[in-house]
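There are two complexes below, and they share chain A, which is joined by chain B in the first and by chain C in the second.
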Partner chain A sequence: MATIHDNGESQTAGFIRHRMADCSRQLQKSAVFGIESVIRGELADVWEECSQPNWDCYNALPVTWDAFHFAEQFLRSLPLGTATPSVGAEPDGQITFDWGRAPRRRLSVSVSPDGELHYAALLGPGKTCGTEPFFGEVPRTILNLIRQVR
Partner chain B sequence: MLDPAHVPEVGLDELLSRFILTRQYVNQQTKQLKAAAFVPHPYEELSVTRDREATDDEIWSVGQGIAALQQKTLHGCGEVLAATYIQQKLKTIADPVEGNPNHVNITNWPSAADKPAQKLIAQEIAAVARFVPTPESHASATSVTK
Partner chain C sequence: MVGQIVRVINPMVFRIDLNESFAQLPSAPSVEAVIHWRARAGRILDPDSFRRLLIEKLPDYPFQQRQQEFRVGGEFGPEGSHVEHKQTWQGYHFQSSDNRYVAQFTRNGFVCSRLSPYEDWTTFEAEALRLWTIYCELAEPSEIQRLGVRFINVIPAETLDQLPDLLVAPPASPSAMNLPIQEFMHQTRYAITDYGYSLNVIQTIQPPSEGNELKLILDLDVYTENAVEMAESELKRRLAEMRWIKNKAFFSMLTPDAIARFRE
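Let's turn to the complex of A and B:
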């Protein structure tokens, strides 16, 4: 039989409460919440700053709603545990996601308003670039590159 | 600054500054410049300022002038050696303009239609660029931040 503590809580209830608090902390650190935070933070900032023409003072095109929509979908489709990218925009109005901290281990993916993903990566002495369509899932090529620059 | 009537060709060892007027071009975690900072779109050339015969103060004043004109904040500049652009098969063309005799155009980019190729070159440049935040003495003139 469970014992009752001074505050009226049984040992079992206390154990469950502690476990739930641990789980909650773990979840808050997890990629799901990380991505949600990126969407509400950096991606929202991009929309606020870059949805008007000339946002970079070099005549950049505005980020469009379509690009924003695809960018949000792209972020939500990243597998659990994927490192969160730095979000930005390019002067042609595409939204960019950048990974990598070392100068020669960097990946940049641009999301276009028509759902194309343009990428360029430095991989130590090697490098690669290309275009992939986005159909709601992050292409394997890009997932592999994210892993390589982490 | 250079005498506009006698502007020499750009030397390989000259430092060329790209003014940064948006936070979106700076990785806020690493404080490194992103490739996007060096993508020339919508132009065919990238606009930079050379340091030859110019003091730091003069270079920053050019950037601050652009920022003030457009009511934006000058966040800093990306310094890159001219040789870096040449290694990427780009060309550095002296292009003095009114108010900035040290202006240089970086030309010979792949077509904008080949976006991945442009991005890759911009990545190479960003990888060696040094981001220099705007010094206090030039940061306060503009009040609008976005």
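Let's turn to the complex of A and C:
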């Protein structure tokens, strides 16, 4: 189920928004498509373990509500059937999602508290990195990279 | 001798033809027309001064509302629980004195909505561009990251059995089951790759409530996520193309009988 742009103002636009969200939630609960288990599992663990200063005993910054919120939104906006990432935190308080098992086929996306997505990928002999703003939809660049590393 | 059938496949190529005209529909079923610019503000917006400047420039939009993003979360543990709330300012929502136009000026872009009754494209586009120019003056976006034209149509229906009379591709029960349809929600995203557009189509029904009849919803959202130049001539060219795609989809997805209803 693709994301619908949340730009309508009429009652009908609101009805469509709710119906789409219901359908998406229903599918996300399943084991196959289930990003919900990542949110309730690994992401919740990161919040629990890393939301206090110095969570790594090396002066790490805490994961903030904003970073957590954007990370949750990011996961929910992944297209159904996307490989689920592993979740972690960085000492600067950003939440990271990692895809790929092969040593030279990896993607790491960090979600910052101001809604920026910083990504870096190893693609065989090549590598790429960059930053994309997050507007509620996973940017195409990042989706393409997920497909290349999984 | 072995016969051979050669099928010459001549796929229809989708072409935008701005010379093609579409019937004017006096009772068009549009309940909302939207033009959406995703264009992040290029400067830091101070909520109070942004609001003051918008009020100065928009005397014909007397109703304003602050748009907040509201987040809530909680922690529960053996030492007790706490709930955290956070509100983040997103922008302002302005509404015209006749309540027909809604303008959303946000940190991430601008949205102009025309609520029913829909007038005509020329009036709607002119108003949207006027408001967009104000957003550009105040927010100084450097780039348009997404541009979209969305029309939400609502078509009254008496029963679900009527859907085949309205939709060219209605939902259907497999013939081996032949079950009545109670609800449906159908979304398709089409790629218009030669032009860099996407067309998102939602067909669904809104069940009757409080004396209202069943409604068929046809939501057509044409957009590009390729960067669009800020020049007005380029914007108008893009909007004309997106409007054409929206019209083509509307007239292709509804049956002639359904369209005939809107001519009266």
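Note that in this section the second predicted complex is superposed on the first by the 117 of 150 C-alpha atoms of A that agree within 3 Å, B and C clash if a C-alpha of one lies under 4 Å from a C-alpha of the other, contacts with A are read in each partner's own complex, and residues count from 1 in each chain.
Note that a residue touches a chain if its C-beta (ideal position, glycine included) is under 8 Å from a C-beta of that chain, and two chains touch if they have at least 3 such contacts.
Predicted model only: the values in this text are computed from it and were never measured.
Comparing chain B with chain C, more residues of chain A are touched by B.
Contacts of A:Ser10 after superposition: chain C is touched, whereas chain B is not reached.
In the superposition on chain A, A:Ser37 makes contact with neither chain B nor chain C. Legend: residue contacts after superposition of the two complexes on their common chain; A:Trp65 is shown touching chain C, with no touch to chain B.
When the two complexes are overlaid on their common chain A, residue A:Thr141 makes contact with neither chain B nor chain C. In the superposition on chain A, A:Ala120 makes contact with chain B only, while chain C stays out of contact range.
The touching residues of chain A, counted against chain C in their complex, run 1-2, 4-5, 7-10, 12-13, 15-16, 19-20, 23, 65-66, 68-69, 133, 135, 140. Those residues of chain B whose C-beta lies close enough to touch chain A in the complex are 19, 21-25, 27-30, 32, 34-36, 39-43, 47, 66-67, 70, 72, 112, 115-117, 119-120, 122-124, 126-128, 146.
In the complex of the two chains, the chain A residues touching chain B come out as 42, 45-46, 48-50, 54-61, 86, 88-92, 96, 98, 101, 103-104, 106, 108, 110, 118-122, 127-131. Within the complex formed with chain A, the chain C residues making contact are 31-32, 34, 36, 38, 40, 71, 73, 84, 86, 88, 102, 104, 108, 111, 113, 115-116, 145-146, 148, 150, 152, 154, 185, 187, 189, 200, 202, 204, 206, 215, 217, 219, 221, 223, 225.
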